[in-house]
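Letters A, B, C and D mark the chains in the order given here, with residues in each chain numbered from 1 onward.
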């Protein structure tokens, strides 16, 4: 079996790519996709740890995370549609009605 | 071995009865609201209020029980009961504030009230969780519904914007929390709180890198939910944009639930590795108090100001956490007083608010004392309590937390905190000045036609004074609640018999 | 799975993840995301998480991503106009994220990084073992997810259904305050 | 010996009832009811207080009355009860507050007769009486702090009572902010005591128990606590450096100035130090600081009072100066003497303010002494009572001020602070000068009153005159309770208080007669100079002011301290909050980092336009920076 360090590093890198995507992309949809990347990175960590622990807990958690991701996607896309109807933009930097 | 070992689950219904009541109520409200017009949603609100009250009564039944239920997924102790009760109180106040507000602003009633109830369910789960996955799911249930609630005034651009900002940062933050859970799972081999507690208490962990990184990530994740600096940036915008009852619900309910889970995980289960997180919380507490208070000084919008004030109060609470296990009861007591005070303050904000934006500026409070002496008096009580002026609840809470922290030797942090409360006096007093010493402002409309709102203001004011003047029973129950959590999850935690 | 396959899949996952955040066109980003999810799913299966791996492909890469695609088309966002972000944020954002990855790498890099290794029991990762956990230890959590999904449906309907009295979404915008 | 005396609670209850009545029912039942209830409750409280005080007098020395209300904060081992305690010290204070307070409430009925907001006024006044009585009767430090905050709040509300004037509201705010600084000191002082005693497993703030365990504090902690608590006292009692709010507080209605900003609230700091004398006795450094600040403030404020044209400003600075005397007294370890001066001061300064109010009332709001003069025939009662008060404050025997001031100066000398004694003597001369200047400018000489106002001149109604007369009698005979040692019932007051506050232990023994003589000579000189300048040679002050223009302006502008504070405290705070924290995180850190890196000059304009905050990505970036910091910390933990 491949060392845990390898899997954890891979997970950390994908996580960081997701983090970077949230910050560098101004399209809300792409930001949201980047968040999905972060969640997947975490899922990878759960699976890798779980299989080394020999416990199913990790896989069950991933199952739950997928459900949460689905729920988040439903609500998040709903919010994006709602905001697009009002403002006709999906750019984070156009949404600065409230500041300071 | 059959994988379906049902005997391993101890079905104990009483502890989750309140949760079931809230869930069923949410669905009932949804169904009942199918044909209800948006401007006539008061009936749904009353139904919500009634079911919350029923859940409240059932929750009282948990008091005095210790143990875990459902194969360790649910902790049954006074700690969860304490937080569930306070969360239910916060929800009831929110409904009382919403009755007229929702109808006037044509907020879809069925969705609004059922989402509120779903959110309460998530919060209560966070308080009652016995493993990290239930905490996570409770947090998501709460957050996802609150994202929607923040944006439920769909025609209002600010409301939209609040929802998307909260959603993006909330989901972003979920990633960090989940990462933390994964790493802690790796370090301890379990996600159940009791076994985690035992594994850490045995001292075998040392400075396991997985554990350390996991603690760090979880601090970040929870830090976001309690709006700690530097994870606080969302709070002012979201508080400003969300419908005001939802803002109140976020400022109180979300914070209560987040602190419930934060305290349970860190001050109970991670207590034995306190050296690994107390320093970080020390720094975050200092930043949070200072940042929140200093920026609050220049705010002109009352909701924004209260948002920064809420950040500052999170700082005082984090101070208690940083000071270690001994200040646990003080934190719980502080949260209780904070709940009533903040709910009251937001109720007054709603009373001044009218369709659209009017009433949200601090200048709108000018001359309120002359026009509505009692409303202004109540607001004065809330502001004084937030400032920490005796004999209000806020003072006793601050005094309690600070003196516990002092006793643990956190002199520097307490000095920072006391200086911060001096600064905070300035912006709270700014509103007092506007009410009592200036003229102008907005007229308050139809106060007499909004009995629920008036009741919310009055009850919150009474509670703020009562908890401050006669705090003994509340301090006792806070201490009892906190100690029950530390006792129930030790190695002697037992599965409750049905 | 042989180690070289891990390395290959890992590299593929990283490249496709980078694809998500560097593509100008949201559709391309989405396709890159789906590729990442697929790659990660294969890694799952390699780690004996067979059921979860297939779920990842069917539910995640299938259903959820289609939802994204649907929204992109609904809002007509196939082509990104103008820059994809601020230069300063791009630079410092990537830099900080890279630093975060480095820090995490150094924390998790020690070769002795180890969990309490236990050999996987028979049937590890099978549907039965997953279900066994779900309906015993995680019964409460499982029930909560059902409520969570219901709440999400209610929420998205509340946000995205047509506003009462307005057939055209543009009319709603005009009345917005 | 402590006797349970439940009626003590009544002293608090009646003002509280007054608050409720005036707040909720006052506007409905109208002026008549408020005029009866407002002062009435304080009179009843005075009656109960007298009963309690007489009971106390009948007890052997060192006795006390107490009532336990309920357990307040019981947190772990730390517990604080809500209880009231009346010993000699609080007994004297309660008599002053209820007695003088009742008279001033009565006077207010006349003073506020034409004000629309009478109900609000009496609500605040009763609330003040209530809070002040909590402060005094508290049997523990925490409850004292409750009263301490309460009186502060009432003070701000009453300063800004006529809030339609933005300046008045500003002054109320200033008082609030300055006092909060002091209160932070007070709270830190309490925490010091809690923490130090807690380390010895003593968890109490009860005065009696604190006194028993005071030895556990040790010199260092006692000094720290003493310093911090004294910061609180400098705020509340307007001492250097936190005195700046009191002169501005004079914009409130004059009865407020008399009650809160002269007779009672501002003396809370003196009372607190006398109450905690057992801590200060263990901390000579802190005690020395108290005496020094007191002596310096006395002189400093007196010099400012010399040139002020506003009649209430003169009295305000005079109050600061007299409070300085009291701190000099308690700071010398002569707690009873300080309290004695507190009492006589309450009589004569309360009276002075009420008389000033009577003058202002008669002149339709005029406060500038340059527009007064020759009023003694028009306002005979006011003139005579004010004259008596002036004799008292100028320490002319046998008026009350003579006895108390002498005692303090003697204590200052005997405790080894001979230079502070010297400052005190100079201050005594200055006091006589500025007070007689006030009398001469107001009541003697040519009338400089506007002819229109001259027309309406009238002596105040009986309801205002009676308190003046009663206070004048007290200002005359009030000092006789403590005749010099050996004379009749010599030192009776000090002997009465000593069991409660501890005895004064002199270091040097000086002849009381010669000390007294020096002060009297200074006093007489002051009176003579004032007579010379303001009655005989009225041109001289102008000439002096012109000749010593810089000095005159310095004094007239109060040493420019307000401007200084504004410059070094207020503005930087705002600047930091507004610019650094509010904007800089976004525009400086994020933009500046970009610009500083020398990147994208071409797009920098675009970035500056776009990098408005409110952008959720900036928030995520700041979040990430925080996360980076935390993870870095754990990386450090892992590698070390």
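Here, a contact is a pair of C-beta atoms (placed from the backbone, for glycine too) under 8 Å apart; a residue touches a chain by one contact, two chains touch by 3 or more.
Just so you know, these numbers come straight off a predicted model, no measurement behind them.
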item: Other chains in touch with both subunit B and subunit D; value: A, C
item: Pair sharing more residue contacts (C-beta pairs) when C-D is set against A-B; value: A-B
item: Chain whose Cα centroid lies at the greatest distance from that of subunit B; value: D
item: Centre-to-centre distance between subunit D and subunit C (centres being mean Cα positions), rounded to whole Å; value: 65
item: Centre-to-centre distance between subunit B and subunit A (centres being mean Cα positions), rounded to whole Å; value: 25
item: Distance from the mean Cα position of subunit D to that of subunit A, given in whole angstrom; value: 60
item: Intercentroid distance (Cα basis), subunit C paired with subunit A, Å; value: 5
item: Set of subunit C residues in contact with two or more other chains; value: 85-86, 89, 93, 96-97, 100, 104, 107-108, 110, 113, 115-116, 129, 132-133, 137-138, 141, 145, 148, 151-152, 155-159, 172, 176
item: Multi-partner residues of subunit A (at least 2 other chains); value: 4, 15, 18-19, 22-24, 26, 31-32, 49-50, 53, 55, 57-58, 60, 64, 68, 71-72, 75, 78-80, 82, 85-87, 92-93, 95, 97-99
item: Shared-contact residues (touching 2 or more other chains) in subunit D; value: 582, 610, 614, 616-618, 620-621, 624-625, 627, 631, 634, 638
item: Pairwise touch network: line, ring, star, complete, or other; value: complete
item: In the complex with subunit C, residue positions of subunit A that touch it; value: 2-10, 12-21, 23-27, 29-30, 32-34, 36-37, 40, 43-44, 47-60, 62-64, 66-75, 77-82, 84-88, 90, 93
item: Touching residues (chain side subunit B, partner subunit D) in the complex; value: 164-165, 168-169, 172-173, 176, 207, 209, 212-213, 215-217, 219-220, 223-224, 229-231, 233-234, 237, 276, 279-280, 291, 294-295, 297-298, 326, 329-330, 333, 373, 377, 384, 389-391, 395-396, 399-400, 402-404, 406-407, 411, 414-415, 418-419, 421-423, 425-426, 429-430, 433, 436-439, 469-472, 475-476, 479
item: For the subunit D and subunit A complex, residues of the former touching the latter; value: 582-583, 610, 612-617, 620-621, 624
item: Subunit B - residues contacting subunit A, complex; value: 133, 136-137, 140, 144, 147-148, 151, 154-155, 157-158, 160-165, 167-168, 171-172, 174-175, 178-179, 181-183, 185-186, 189-191, 236-237, 240-241, 304
item: Subunit C to subunit A touching residues, read off their complex; value: 1, 3, 6, 10, 13-14, 17-18, 20-21, 26, 29-30, 33, 36-37, 40, 43-44, 47-49, 51-52, 55-56, 59-60, 63-64, 67-68, 71-72, 74-75, 77, 80, 83-86, 89-90, 93-94, 96-98, 100-101, 104-105, 108-111, 113-121, 124-125, 129-130, 132-134, 137-138, 141, 145, 148-149, 151-153, 155-160, 169, 172-173, 176
